[in-house]
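First subunit A sits with subunit B, and in the next complex the same chain sits with subunit C.
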Partner chain A sequence: MVLLDPTTLIDIGLIGLSGALICLAVHFIPVGGAPAAMAQATGIGTGTVELAAGSGLVGLITSSYMLHADPSASMALVMASGALGASVMLASTMLAGGFIYAYGVAVPFASAQVKKDPITGQRQDNYVSKGTQGQGIPTICFVSGVVGSGLGGAGGGLIYSVLMHYYSPLISATSAAAVAGVFTMGVFYVNSVIPSYGVGGTIEGVHDPKFRRVVPKDVFTSVVVSMLCGVVAILIAGGMTP
Partner chain B sequence: MSEIKERSPDQLMVFGIIGGLLGIYLTYLLPLAGERIGGKIEIVLNTIAPVAGALGAICAVIWGADAVRRVAKYGLGTGVPSIGQIALGMGIIAAMFGLAIIKTQPLAGPVVAVITASIIGFIIGWFAQNVIKMKIPVMIRCMTEIAAAGAIIIIGYSAAVAGNYDFVNNLIPRVFDNGVILFIFWVGAVAMLHPFNACLGPDEKQKRMLYLAGSTGASTMAIVGLAAIITIGASGAITMILGIVLWIIFYKKFWDEVYNDAASVVGTGLIPKTEA
Partner chain C sequence: MVLDLTMSMAILALLGALATIAGCLEDLESDVGSQSNPNSQVQLAPQMGFLHRIFNKAISGEPISNGMSDVTGGTVTSVLLSAKFYPLTAIVIGAFVAAILYGIYATTSYAGRVASQTRFKQPLYMDIMRYTTPSIIGHNFIVNFCLVAIAYIQYAVLGYPFSIPFLALIWGISVGAIGSSVGDVHYGGEREFQNREFGCGLNTALSGRIVRKAESGLRNSIDNVWFCAKFGGPATGIGLGLTVFFSSWRTTIWGYTWEAMGVGVIILVIMIILNRLTEISVKNAYGPYKEDKEEKEAGSVAH
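Right, the complex of A and B next:
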């Protein structure tokens, strides 16, 4: 059985690990959902899936470019370039969103979940408007978001490089990249929706009390589901052998 | 309010699976039948075969939209789009697996894909229900259904672009290499999630939503036809024209339903000012 080979088992484990990274990423990103779009909650005003997948797919592009430019690039390098791409994407999203919150909606950036910002140490509760859950993207949320998207991009790069290792000897380089990329995208979507159900739509980032409560069970689910996807991915390679 | 007749989940499931698989299989079987008959009929059958795939996918879109409706009614906390995206995410993994793993038995491919999707959907549904504890009673069943519908949508529209569902010889060069698969992934997801996302609210009715699902499926078919013109030529034109015709028909039906339902809304005027 090809699946019981130690290298294959390690690769399935790596795909499970990258699922866990993507799942963790979703918890780090300050997702505000519809309330944040109306500046009534802290975070970026769109859904978990959109943010995680948006930054993750940019990470996928940068990591695949790395692998294309240097096919012998080490896995760490591919993951790092994925992390960089995803972080730049989310940081620019948050920066542009921050400009709109500050100069368009005119709200002070404040988190309702903590009394003092853990990074800057500034008071938060004074600035939270009555009846809201905070507004804008405070420093801790911004930093947490950059770290989170980095994890997601690294996870995407990891799956991609594992799959390319399986598919590129079987079909042409372009086709292998297409198949591996599409599969990574599928795993990405599954793993960004699962934790978004866990957090129930909105989370502020690493300082949110929700973070500690939901991370273990979400990560467990993602690891199991991603490993299942890993088994499927390796069997696909078996189907493509001429 | 009068009694509203609704299509049962089982009815729509049978419609989605049978219609979807029939459409997908026709893309493979019609050319085979044409080969037996030969002559001009062969050319005709070869040309119309890929169109069947897109028609099958529309059946799955309608089924998937109803499954989304049943589960999203409970309020997911993340918006309806998330469930459409996870559906196609599971569907694309299962579709690639099902079509690739079958080497010598091409007829088994789509069925294996649907079964794999159901298994992945069941596992994710079980985890969502029992580990993440979402407390939605229909979660497991609906997750299984939307994953299977997602797989049929992917295979159906891909077969319409590639000619048939042979993974290595047709799908990879005609759908994966040129990136059409990404389009099928996104627009297929929107076709499935949009109907309930647009119709949800206090006066949501199944009939109206199903017509909208038909219209989103048909509009996807029209654009898939445009991609198919580039990859396989004449069949693509038929797919596109048929897609536009179906889109207009379904959209008119949806339009009529909206007018029909809106007629029962009675104007009550402003809220009367009462003295406390």
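Right, the complex of A and C next:
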């Protein structure tokens, strides 16, 4: 049985770990959903899945290019490349979005979940305008988003790296990259959707009380589901011919 | 293909420029067609008794609809390239086919969404459909052209391991995510609610009460895109342009090393500082709203 081979088991375990990283990443990213798009809530004005997958896929492009340009690159370097690609995407998005909140909509950045920003120590509650759940992207949310997208990008880089090492000897390099890339994208979407149920569509980041409440359950679910995805990824290799 | 540093930087600049245009036009397309989160208010308005002349599309979330459009463009381009078409011609035809497909989805979703609101007496304006749909197709064509061109350059010149359709799909999803996060706030937070009090967030009590009068006559989606083109669109372009540029610039200069990763961390720190400076400036300009009770009490004791 190919599935009981120790190397294969390690690969499946690594895919499960990647899923956990992506799931954790979604909890870090300050997603405000539709209310944030109308400056009614703190965070980025879009959905969890769209944002986590959007940033993670940029990380997939950078990590895949790194592995392609230097096949001997260490797994840590590939993961770092994916992490920075995703973080740069999310930081650029949050910075440009912050400019819109500040100079287009004209609202002060404020978190509705904490009285003081844990990083800057600045009061937040008295900047929350009437009838809203905070607005804009305060420093704690920005830093949390950068860290979270980094985790997601690293997770994507890890899955791609594992699958490329598994598929490359079986099929041509171009085909291996295509299958590994599409599979990584699939795992991204699976692990972006799972936390969406936990966080209920919106979360401010690591300082949000929801974070501690839902992370353990969501991460456990993601590990199990990602390992199942890993088993499928190994099984489809059975039909691969050069 | 092995390129020297000057040529690599030239291509990187081209990619950054294409991404900036794509980001800007993607946001404007979502404004003229009214898509993503702000469209929830356009959808809600008739239920609150506010009938309007704004296009109501929302094919799906922006990343998915743009991903669909760009992967279509990338696929057609790949087919034409394998038929020995000149690359620029192949990209233009691919982008055009995808834009027409997108236009079809836009009209069916507009008709479908308005039809579902019959009970709220929201009319389906045929003139709005006639004037706005070509604008949606035009904006989407430019987005497709830019993103498929990026995918082509990455595949054919830079030697990325993924195919053109897959790269176009990823950039389509990313441009949608950025457009939805950045430019849509200008449309949803400002343009739809110019009647709210200046300098504060939107009170939930105002939900659905979108502005329906224009500078002259009744407001339509062409008026909205005119407004958002002043700030929301360009800011989205900067978001995607920075993403494309900084995701490749580090490795172009420093290679595939830990130094390049260190530079990436420095870029992130600079962005965090810029955001903090913006936060300070805007907090000083518009807040605080509530009087600080502790300070008030301390003040009364001192007196």
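Simple rule for what comes next: the second predicted complex is superposed on the first by the 240 of 242 C-alpha atoms of A that agree within 3 Å, B and C clash if a C-alpha of one lies under 4 Å from a C-alpha of the other, contacts with A are read in each partner's own complex, and residues count from 1 in each chain.
As a working rule, contacts are C-beta pairs under 8 Å (C-beta built on N, C-alpha and C of every residue); 3 or more make two chains touch, one makes a residue touch a chain.
Since the model is a prediction, treat every value here as computed from it, not as a measurement.
Novice: With the two complexes superposed on chain A, say which partner A:G238 touches: subunit B (first), subunit C (second), both, or neither.
Specialist: first
Novice: Applying the document's definition of touching, compare subunit B and subunit C: which contacts more of subunit A?
Specialist: Greater contact footprint in residues on subunit A: C.
Novice: Quick check for you: in the superposed arrangement, does A:I194 touch first (subunit B), second (subunit C), both or neither?
Specialist: First partner only.
Novice: Thinking of the overlay built on chain A, is A:A178 touched by subunit B (first), by subunit C (second), by both, or by neither?
Specialist: A:A178 sits against subunit B and subunit C alike.
Novice: Please work out whether A:A53 is in contact with subunit B alone, subunit C alone, both, or neither, and reply first, second, both or neither.
Specialist: Both: A:A53 reaches subunit B and subunit C.
Novice: For A:Y166, decide between first (touching subunit B), second (touching subunit C), both and neither.
Specialist: Neither partner.
Novice: May I ask you to decide whether A:F220 touches subunit B, subunit C, both, or neither, giving the answer as first, second, both or neither?
Specialist: In the superposition, A:F220 contacts subunit B only.
Novice: Please indicate which partner A:G33 is in contact with in the superposed arrangement: first for subunit B, second for subunit C, both, or neither.
Specialist: Both partners, subunit B and subunit C.
Novice: Regarding the shared-chain residue A:L77, is it in contact with subunit B (first), subunit C (second), both, or neither?
Specialist: The second partner, subunit C, only.
Novice: On the A-aligned overlay, A:F211 touches which partner chain: subunit B = first, subunit C = second, or both, or neither?
Specialist: In the superposition, A:F211 touches no partner, neither subunit B nor subunit C.
Novice: On subunit A, what residues does subunit B touch that subunit C touches as well?
Specialist: On subunit A, the overlap between the subunit B and subunit C contacts is residues 33-34, 47, 49-50, 53, 174, 178, 182, 185.
Novice: Hey, which residues of subunit A end up touching subunit C in the complex?
Specialist: 33-40, 44-47, 49-51, 53-55, 57-58, 60-62, 64-70, 73, 77, 80-81, 84-85, 87-89, 91-110, 120, 122-123, 125-132, 134-139, 142-143, 146, 173-174, 177-178, 181-182, 185
Novice: Using the touch rule from the top, collect the residues of subunit B that touch subunit A in their complex.
Specialist: Residue positions touching the partner: 76-79, 81-83, 85-86, 88-90, 92-94, 96-97, 99-103, 116, 120, 123-124, 127-128, 131-134, 167-168, 172-173, 176-177, 179, 181-182, 185.
Novice: Help me check something: in the complex, which residues belonging to subunit A touch subunit B?
Specialist: 33-34, 47-50, 53, 171, 174-175, 178-179, 182-183, 185-190, 193-194, 196-198, 200-201, 214, 217-218, 220-221, 224-225, 228-229, 232-233, 235-236, 238-240, 242
Novice: Sort out for me which residues of subunit C touch subunit A in the complex.
Specialist: 36-38, 40-41, 61-64, 154, 158-163, 166-167, 170, 173-174, 176-178, 180-186, 188-190, 192-193, 198-207, 231-232, 235-236, 238-240, 242-243, 246-248, 250-251, 256, 258, 261, 264-265, 267-268, 271-272, 274-276, 278-279, 281-283, 285-292
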